[in-house]
Amino acid sequence: MPYELIAVVMFAGMMLMLMTGQRVFGAIGFVGAVAGMLLWGTGGVEIPFAASMKLMKWYPLLTLPMFIFMGYVLSESKIADDLYRMFHVWMGPVQGGLAIGTIGLMVLVSAMNGLSVAGMAIGATIALPELLRRGYDKILVTGTIQAGSSLGILVPPSVVLVLYAMIARQPVGQLWLAGVVPGLLMATMFIIYIYIRAKMQPDLGPAMSHEELAEYDEISTHPLRLNFIVLAGIVLVPLLVKFDVIAPKSAIGFALGAAVLGFATRAMPLFYRDVFLKEKHRLLFSGVLPLAIFATMMVPFVNGWTSLVESSAIGAMTAFIAAILKGRMNKAVFETTVRSTLGISCMFMWIILAALGFGAIFDGLGAVKAIEDLFTAQLGLSPWMILILMQLSFIVMGTFLDDTAMLVIVAPLYVPLVGALGFDLIWYGVLYTITTQIAYMTPPFGYNLFLMRAMAPPEIGLKDIYISIIPFAAVMVVALALIMAFPQIALWLPDLVYGR
Amino acid sequence: MPKLILRYIRAVEAMNRVIGRFAMYLIFALIAVLLWSSVSKTFFNPSLWTLEMAQFIMVAYYILGGPYSMQMGSNVRMDLFYGGWTTRTKAFVDAFTVLFLMTYLGILLYGAVSSMAYSLGYFGLEPFSFFGDIIVAFFTEGPSAAWGKIGYIERSSTAWRPYLWPVKSILCFGVFLMLLQCLAELFRDIGRLRGVEI
Amino acid sequence: QSTIKWRMQTYAGTALAEHVVKPAIDMFNQIAGDRMQIELFYADQLVPTGELFRAMQRGTIDAVQSDDDSMASPTEVTVFGGYFPFGSRYSLDVPVLFNQYGLNEIWDEEYSKVGVKHISAGAWDPCHFATKDPIRSLADLKGKRVFTFPTAGRFLSQFGVVPVTLPWEDIEVALQTGELDGVAWSGITEDYTVGWADVTNYFLTNNISGAWAGSFFANQGRWNELPEDLQTLFRVCCDQSHYYRQWWYWGGEASLRVNGPKMELTSIPDAEWKTVEDAAVKFWDEIAAESPTKAKVVEIFKKYNADMQKAGRPYRYG
């Protein structure tokens, strides 16, 4: 069979199988395995399994269950509740302020987990009902949450960028940093959009009155618990490092030790003190928590003291301990967290397993060469045209292909080509991430849309969800165009930190 | 539905649930190994085995947890059309397409068994008969005869050099459990078509 | 008659394969034309390197370029492929050992037992450390996580080195993410070619082996199916590849040490390095004790090095 035909048959077969609604990994795995059996020749039947060995050795995949676990600890233990209320109180008096606050919440949640699922869950369970109750427009709110949760894979840590890093053979640290400014830029653009809309149509997002906020000006009954060991750790460890008393690397051990001691002494009155602040200020203080979790993970990583996978384990542990220290890790939360982590991790791993097998067979049968040939030789396009065409094809494919599967199957075809055309692969990683995000939230179908539909209350219909996304998708396209035109938006921070 | 099939469904799902719930807690083993890796690197000599050990745990985590995750309905489907169908239509289509999924798992299982046989030193093309021979030899001529069938035992090409048959046997076992689970799903769907919710 | 098609996978990633194998395969395809075409795949592309041997034996892949050690071949000679510590000093030592001292015959015999055709072995570069922090004494090696060959790793761990094995293409990233402190995998030519020079700072001039030994292999059945002239053509192209590497590395090592801008050279004094050389003698004896075949190969290495010593300059100095 000619290469082009193999490429077409395998892709069409996969599309058809996906349409039947069978589990994604089964659909992809089946097409790959059968193609291997029929077209490869001797030994083709072994490739689907060889993919499991490949997957095992792909060490950054170890971060996947870690980040999923972190996300569930955050959303299930509701330690994000205080975060939400913080934005609620401080932003509420502004027109559309609660929606703006939701974007802020999403930025912080994004800094604590690697996927968009957790952001979606937190947004849909905490922010959504509250905003509807306060008379916010349901379309504005739905769009805000979907757009905000898409920041989860752009702001570090990001599982998608880890997978991209593995495929493009680019450093994860630089990719993560490259996502920071574009992520914040996109968040800012969302906020500007919401602010303007709410100014023009005040009934979309009514400002909260003073009466509604009064309760927050009272002394809180929920004290802020200060554990002296943890506090001493926070103050002493950086000082000891600064004055060369301990090596920077050892700081990890001391910090871990302080955390464990803090956990052990959480109920011993000698070691902590409850502080009663005004509710408003207590909430502001609890906003520090995600930054602390983010720092325990990112500081050792960016400095090279711990590796990527080790850092992800430290992050998972820190989030877990934080939930315990806040008294939110009860039996039910623990059960849901651990079980859901297994479910989602298995979903990802089995899709990646099937997609790796599909990809190797697709490649070995010569289909990859056919596609490269099509883009470079046969169409005779300029590099920029090819790049834009690829982005468009992602949007089309994102309508029927699962995001993880798309990454594992399609990115290996495109990324080497992008590199060969002379584009920066770090920059392209950011473009790729934003493009796929647009793909998953644009109608008629997309992964984020399905999630939203599953989580939204009944008064929000499918049509509302579809309409809600249009302005935000437009904002993302503008952001994408800006980053394409000015690569420095993405590359400035990694250049600064790593001195590329 | 015949009693036997009902019993099969219950037994398989109970077993997969127990195994899956065991796998579920491996996340903490994974965290522990990686934390030890960073601590040992910071304070002592870095450990030789942590990365590979973490990879083995990860394999056990998703392979043994797979059937349980299927019970929980965690595996995404593209529900563009599927989402709009009635339960009956879903069951009808699923009962058909789950055969494709089982084909994939069957091929995966063949590869796993073949690779497992290789890891025990069998270089031929009939892995199933290799294991058959071992089992026959074990019962007719005793353990040492069975051991005699085993050849060069594969080790990982790292300095730690762990044997690979343990992780490969986990893979064989996990894929087999997935097949059992799929068969249970198939029975369930046939039940639904006949109007029985199991 | 239809074109014979082979899939071949190398242990090397794209950038390195550009020199160590691709020219020879392009040449083969050009000459063989419609009669036979070999499609070349790179490190971990179709199957992971650890599964290469198995894939070739099973026929999933028709031919392989690798050392015995990396692809974990289930033979008695595996430890000697790749970098056998202090087994050779110059890259010419490798072809002489195989062609004149009898290693070819041993390799052929060992691989025939496991259904694989050993076509020919050739030399690559010496094995040096490239690290983020400088190594100026043996103590500096302690606790360094280093990407290296399995056997070299076993040998080096007695000096506190922590050998790590990862997919070859991931090494550059692993150096940046802190998974690794350095590599002991190649000479300076590869450090520059594959990009490791960009993510490490120091190059240690002492080496633990003067030349890597790597081979071309094929699935026995597929090899037997080839007409004799195509077998000969394949052998000739492999030899061409061995020849290309001979001068590419030899010249590259010297040129980059002298002119390369990215890495600073450091050395461990000869007297101190003697400890490592002495440890290798012990290591050889440990390996020889493992089996008769291994003892035979170690014997050949000993005889060869003794002969070179006696021959004097330019074979050995001092």
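Per-chain residue numbering starts at 1, and chain names A, B and C are given in the order in which the chains are listed.
In this section, contacts are C-beta pairs under 8 Å (C-beta built on N, C-alpha and C of every residue); 3 or more make two chains touch, one makes a residue touch a chain.
All of these numbers come straight from a predicted model, not from anything done at the bench.
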Legend entry - Reference chain C; chain at largest CA-centroid distance: A
Inset, instruction - Taking the mean of all protein CA atoms as the centre, name the chain whose own CA mean is closest to it. - result: A
Legend entry - chain B and chain C: spacing of chain centres that average the CA atoms, whole Å: 36
Legend entry - Rounded Å distance between chain A and chain B, as computed from the means of their C-alpha atoms: 29
Inset, instruction - Please work out the Cα centroid separation of chain A and chain C, and write it as a whole number of Å. - result: 41
Legend entry - Shared interface positions of chain C, touching two or more other chains: 50-51, 58, 166, 179
Legend entry - Per-residue multi-chain contacts in chain A, two or more chains: 46-47, 50, 53, 57, 59, 305-307, 309-310
Inset, instruction - Scan chain B for residues touching two or more other chains and write them down. - result: 41, 51, 114-115
Legend entry - Complex contact set, residues of chain A against chain B: 17-27, 29-30, 32-34, 36-37, 45-50, 52-53, 56-57, 59, 61-62, 65-66, 69, 249-250, 252-253, 256, 300, 305-307, 309-314, 316-317, 338-339, 341-347, 349-351, 354, 400, 402, 444-445, 447, 450
Inset, instruction - Would you tell me which residues of chain C are touching chain A in their complex? - result: 7, 39, 41, 44-48, 50-51, 55, 58-61, 166-167, 169-170, 172-174, 176-179
Legend entry - Residue ranges of chain B in contact with chain A within the complex: 20, 23-25, 27, 30-31, 34-35, 37-39, 41-43, 51, 54-56, 58-59, 61-62, 65-66, 68-70, 72, 74-83, 85, 90, 93-94, 97-98, 100-101, 103-105, 107-108, 110-112, 114-115, 167, 171
Legend entry - Contact set on chain B toward chain C in their complex: 41, 45-48, 51, 114-115, 118, 121, 123, 125, 151-152, 154-159, 161
Legend entry - Interfacial residue positions of chain C with respect to chain B in the complex: 49-51, 54, 57-58, 69-72, 74, 114-115, 142-143, 145, 148, 150, 153-154, 157, 160, 162-166, 179
